[in-house]
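Order of writing sets the chain letters: A, B, C and D. Residues in each chain are counted from 1.
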Amino acid sequence: MNTMIHNTIHILLALMMPPLLLGIIAKTKALFAGRVGPPLLQPYYDLVKLVQKGSVFSSTTTWVFRAGPVVGLMTAALAVLLIPLANSSAPITFTGDLILLAYLLGLGRFFTATAALDTGSSFEGMGAAREVTFACLAEPALFLGLLVLAKLSGSLQLSTMLGSSLGPHWMTAGASLALVLLSWFIVLLVENSRIPFDDPNTHLELTMIHEVMVLDHGGPAFGMILYGAALKLFVFGAMIVRLAFPLATGYPWLDWPIFVGGMLVVAVVIGVVESTIARLRLTHVPVLLVGACLLSAFGIVLLVR
Amino acid sequence: MVQLLDPLLIVALALNFVALGVSRIRAVINAVALQGILLGIMPLFVHPEIGLRGILLVVVTIGLKGFVIPRFLTHAMREANIQHEVKPVVNFMSSLLLGAVGTGLAVVFSYTLPLADEHTDSLLVPASLSTVWTGFLMLTTRQKAIMQVLGYLLLENGIFLFGLLLLEAMPFLVEVGVLLDLFTGVFVMGIIIYHINREFASISTEHLTELKE
Amino acid sequence: MSEMLVLLGIVLAAISGLPGMLLNRHSTTGQWLTTALAVLGAALGLGGVGAFWTTGDSQPVVLPWSLPGGEFNVAVDGLSAIFLLPIFLISLLGNVYGLGYWKQTEHPQNGRKLRLFYGTLTAGMALLVIARNGILFLFGWEVMALSGFFLVTTEDDDKEVRETGWIYLVATHVATLCLFALLALLCAASGSFALVPLAPESLTPGTATAIFVLSLIAFGLKAGIMPLHVWLPSAHAIAPSHVSAIMSGVFIKMGIYGLVRITSLLPNPPLEWGGIVLALGVVSGVLGVAFAVGQHDLKRLLAYCSIENIGIIVMGLGLALIGRSLGRSDWIILGLSGSLLHVWNHTFFKALLFLSAGSVIHATRTREIDHLGGLAKGMPWTALCFLVGAVAICGLPPLNGFVSEFLIYLGLFGTLGDKEGPSFASAAFAAPALALIGALAVACFVKVHSAVFLGIARSEHAYHDHESSPSMIGPMGVLVVCCVLIGLAPLLIAPILGQGVSAWAPDLKDAGPRLTALAPLDWITFMGLVLIAALLFGGGVLWWRLRHSVVENSVTWGCGYAAPTPRMQYTSSSFAQMLVGLFSWALRPRTHKPKELPLFPQKTDFHSEVPDTVLDEAVLPAFHFGAWLFSWFRVLQRGSVQTYLLYIFIALIALLLWR
Amino acid sequence: MIYLLILFPLTMAAVTFALPSNRWRPWLVPVAALGHLGLVVAVFFQPGDGAAVSGLGGWLMLDPLGKVVLGFLSVLFFLCSLYAPGYLALRSDRPNRVFCVNLLVVLAMMTLVTLSHHLGLMWVAMEATTLASAPLLYFNHNARSLEATWKYLLIGSVGIALALFGSFFLAYSSLKAGLESTLLFDQLVQVAPKLSPQWLHAAFVLLFIGYGTKMGLAPMHTWKPDAYGEAPGIVGTLLAGGVTSCAFLAILRVWQICRAGAEAGFAREIMIFMGLLSMAVAAVFMVRQRDFKRMLAYSSVEHMGILVLGVGIGGPAVYGALLHLINNGLTKGVLFLSAGNIHRAYGSKVTDDVRGAIQRVPLSGALFLAGFLAITGSPPFGPFVSEFTIVNAAVGSGQFLAAGLFLLLLGIAFIGMGATVLAVVQGNPADHTTDNDYHDSIATSAPVLLFMALVLLLGLYVPPPLESLLREAAAFLAVKR
């Protein structure tokens, strides 16, 4: 019964909240820039608008082009169900679900990139190339971090690894966890193509990664892409939050607000980062990502030495 | 009578040096022939009580080594109308020296050899070894095919000399077989030389270096 | 029973090519007879395997054999069965595919030869897998290797083909010679050529190490483990596609089989062995796929990708070895069953990919990825099959590749150790490496699939696209089904894998049940179904929205550029450029770029390639140096008879003074 | 009976000499060969022990070792003789009287070698084979064959002269030991323990060098590439398979005496060393060899090395060596005859001109390739069995260095040989090479096929009679009497 309710909350939160994060980031950046900025709920309005729009498809495209957004959205949606949000375990949890999580996102990436290349436009090709290239360096960082968590929790279920049991380890193995936290934040930035890796709202195609991949999408399909991106951000945000504040108040109902608060904080932090750091030169991106890998690697070495 | 053997051997050795030292092929042939004759009569001195088959053997040997083969070679030489070994790989002086050194070594070496008592003081073994050595020298340093045949003959002579030590081990049949082989061998070589001469208008083995890596 | 069926299948496969040889080179009767025989044989063989799995009994067939040390001794066990299935299945599909792909009428000069050796290859592999005697094993091995040579050199009028075949032949013969030594050592240790586990006291550490190293070299050469892979990429590239399919899908797995079999014979392996094997696996995996990313020859790319998957398989084996050294049965089970399952999976999707590639090549007559493009419109089924294969080979759910990698991941994470039992945490670093491999594979296959099938045709080659005949699409369909089936219902094959593991580690009798206990295969099924349902739902929603909204068609948006041409598309090379740059320390890419652009740029060209570093910079130079060295000895034979006689004299003196 | 074995070929030779017709004469060779084969079979299955087949008061005797070699020689010669008529028909321009006669004389002399138990007699027979085969080499009557013949004759005669010297030493060693000097094999083996070691030592070296020259062991092999390169394929087969086997038999006899005497270890070392040396030299010279007939000659050097090495390693390897004697001979038959056909089809034997043989002469090309795979020890062909037996014995007796080098050299030889063979077989023939009218016919390819069939058979299974014969021979060599 209880789990029932928790799962419902989980799902509702996971479906409702993501666009809000985008809104908050935008707002933060606006404040830093001294502008009023769009309303917090702007992303929701955009989604509604897009869903009602008609669409234009390039005559070179095939069904793959239409499949891209669907896969991107659905894999992200499933990934959300694997992540523990508050101290209750995720709706779906089993040994090795962390691997499924990573590979679901991989599937999404595969089809987003393929759909981009389906148009035959060199700009979208460029974006796809960068997306998959950076992912190659982000994945190891993610897994090295997971190694640390697995070592600490002695389990291969995200719900346990990111569960409340993580709290005490901050005392014993704080250094490792801090390193992982840092490297995962970098992963979050690159996976969701935020500054310093990518600039979601520049309109200079050559510099963009994610945005340029979806240049040809419009209408409902584009809506799906936006929503999928938001979900993906939510997934990584949730992982960061669980890693950062694994504390358990003991009152399950209190944990949810705390989590939501955590998510908002993360969003704000992202906003702050985006407005304070300049975008990296594309050629320097790999260096930073390798750095992220090394951070997590160092974390696990500290642990098993 | 055995004591008469050593002088003969000395002569045989001397003939080795003739063969090494002169360039006139005719002279070399004669030297080898003479050595053949000497070898032919030696059994009589080694084993005085030799008997009929010994006599026969002697006759055959002398006949082949002393007359038939030399005749044949002379004929081949005429066919090819050459008189001289012009430029050996090692010139005559040095080959003489080499021959002398070899003979010396042979003598020294043969004293270190564990010979049966009855042979220790005989010159047979040194003579045989040095003749073999001479044969090798001829074979490896002479350019004219016919000279190499002569070298081969010297080699055989040397071996034959050693064979004198153990006549009874070598039954008549085998002895004759050996001689027959020798003769056929030289005969075939002669034929080949004839063909070589026809093919290259010379019997110098310099021409025979087509086949190589 | 099963042995008999398998043997019958072997015989039929071996003779399947003969009728064709007797017939005239232009008659098509031969190819039908051959295919009929081969299919029948394969069916019998599969029946035998099935019989083994259902009844689980095996009566070894043992006959005396008058070769020294030889004994005709064949038996099917869990391992053999696992390797027999791909052999017969791919041989069956390949033969059918060949009907359309390599018509006798189109290839009168080499069609019969191809079919003959296709059969003998199958027979050789099946024989070596069921052989229980070293000599018999060697026979199967060499029949396989030589048939492979003749298959690779099917079109030997082409210089490139001849050189490739030559490199292959040298590599395989080196492997065979290593096997000579290996078997001799085994025999010296155990006293017979019977392939049975050795008693621990029967072999010294030195001998054990020698056997291990030799098997690594011999079988590594066959399997194409980096850096022993030198023969593999070109061989797979130039062979006819259904040959590439069986070579990449099955043939190189025989190296894996040998490694698995030999390691199963050696008692208590030291920890280093497992470590070395695991490390080799990581190297092959990462570099294999890195090289693959750099290729722009369709089949060469797939070949390098085989090296990657061999790497994954070897990682699993290494994990199992570590488990055996440390007595961790769970690592053994997860590692080895993951490895064995990946053998199957790679067989299915790699064969699928090669067959699809073959259908592309058959239509367009080129392997150059950058000349293709937009084929999905002309050959939709091929495109779909290739897409399935691509998703599967990237190890993405809900297809089969995911399952095997999942098992290996679990094992690798397990090496971190838990409350009870020893740990070997340095092995856990293979997990991120595997993740890297996965991500690179995604990059690689996004590139190849899109460049070949999506976008617009890049050259007139690609305008000739037409869907292939059913005899070619059919086999691909079967493989697609296999991929989906294993991906969705891994529980079905858990017992089979269990038998394989038990055959490797005899003390693990209950490997099957324990596997299902260790790995949540049921969850994989569930999630796979959920994923498919979700995708259908999402697709439905989009479709419904598009139905009820305005949809127009137009050209791709060129960011304002008015007249885009096909040449302006992102090519596969440009797609891979960044990654190639990241790995340039290993790939050593060669670029041919114009000096500098003049003031008024005129027509110029740029192209880049990723040759095989090991082959071009290590192996070939070494061989040329050796030949150069040997050539100096020729002065010893200048034709002067005097010198020759001198040699004799010198030899005589030398031997006289020997002592 | 035993005399018949030698006299029959000789009489047939006389008949052949008498027969005037250049066209029909070649057909006498197979007839004689068949007769010889029949006689051999008859002798083999003759009731009674070895003494039953002996003559000249023990000078001639058919011991198990002799049986192996004699049986093999007879089969080899028979298959070659089947090839002769077809070949000579192609060469109808040349008179073939000498050729046919000498073929039969060689057969007779080889038989004599296998039978003779008197070292002197054996020497005579060996030298006779040299002399009789010289005209065979010169069959083509051109400058190159002339040079080859000269070298073969001179080097062979010198070498064999050394063998005679060695035989004398052997006899002397018994004399020195105070025994009545003899060259009778059986007596020598009996008194071997008493023989004076120094003389025995020297005798072994001389005999080894002498017969080794005939066998073609490095560094006495120098005549081989020239001779085999210029001789017709059939002669190459006879030399590489037959005469060399006789020389090997002679070495085995001497080895047996040494083994019975004090010099076993020493002789073994020398054989292992010379065996490996021959393999090494052959391997080195095979790399980048453009003339495929010379390449075959080096391959023969290599395999002579393997034979000696096998005996040197001892134990089961001796069995392997004896089996390899047969396998090598038969495979050489395949190689030399098919190479001869290819040579005839292209009118050249260098890889610059010869390409795509498998298209120009499919049967010979395929057989050449198969023969190459066989001789390099690939299963399922005969040589694999024998070579593997030798490796196995070496490893089993802990001689890892020898085994390792053996495998390494096999590998190099494979690479060297393979490059040439594939260059010949694969690819497309150049146009100008396809104009002459030679094509594989029954007469020229059936014997090769027979050879190949035997090689394959021996690879798949060793017939029990042959196996028991080999076992007897190996035991005969092993036993210390």
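List of remarks:
To be clear about the criterion, a residue touches a chain if its C-beta (ideal position, glycine included) is under 8 Å from a C-beta of that chain, and two chains touch if they have at least 3 such contacts.
Because the structure is a prediction, the values reported are computed rather than measured.
The chains that touch both chain A and chain C are none; no such chain exists.
Contact counts per chain pair peak at A-C. A separation of 31 Å divides the Cα centre of chain B from that of chain D. Chain D has its Cα centroid 44 Å from the Cα centroid of chain C.
Separation between the centroids of chain A and chain D, computed from CA atoms only, is 78 Å.
Inter-chain centre distance (chain B to chain C, centres taken as mean C-alpha positions): 70 Å. Multi-chain contact residues of chain B (touching two or more other chains): 139, 148, 205, 208-211, 213. In chain A, no position touches at least two other chains.
In chain C, the positions touching at least two other chains are 634, 637, 639, 641, 645.
Of all possible chain pairs, those that touch are A-C, B-C, B-D, C-D.
Residues 113-116, 132, 139, 145, 148, 152, 155-156, 159, 162-163, 165-166, 168-171, 173-174, 177-178, 180-181, 184-185, 188-189, 192, 195-196, 199-200, 205, 207-211, 213 of chain B are the ones touching chain D in the complex. Partner chain B is touched in their complex by these residues of chain C: 634, 636-643, 645-646, 649.
The touching residues of chain B, counted against chain C in their complex, run 89, 136, 139-143, 148, 205, 208-213.
Residues 51-62, 64, 66-67, 69-71, 73-75, 77-78, 92, 94-97, 99-100, 102-104, 106-107, 109-110, 113-114, 117-126, 128-130, 132-133, 135-140, 142-144, 146-147, 150-151, 154, 156, 205, 215-216, 219-221, 224, 286, 293, 297, 300, 304 of chain A touch chain C in their complex.
Residue ranges of chain D in contact with chain C, taken from their complex: 147, 150-151, 154-155, 158-159, 162, 201-202, 205-206, 208-209, 213, 219-220, 222-223, 225-226, 266, 269-270, 281, 284-285, 287-288, 316, 319-320, 356, 359, 373, 376, 378-380, 384-385, 388-389, 391-392, 394-396, 403-404, 407, 410-411, 414-415, 418-419, 422, 426-428, 461-464, 467.
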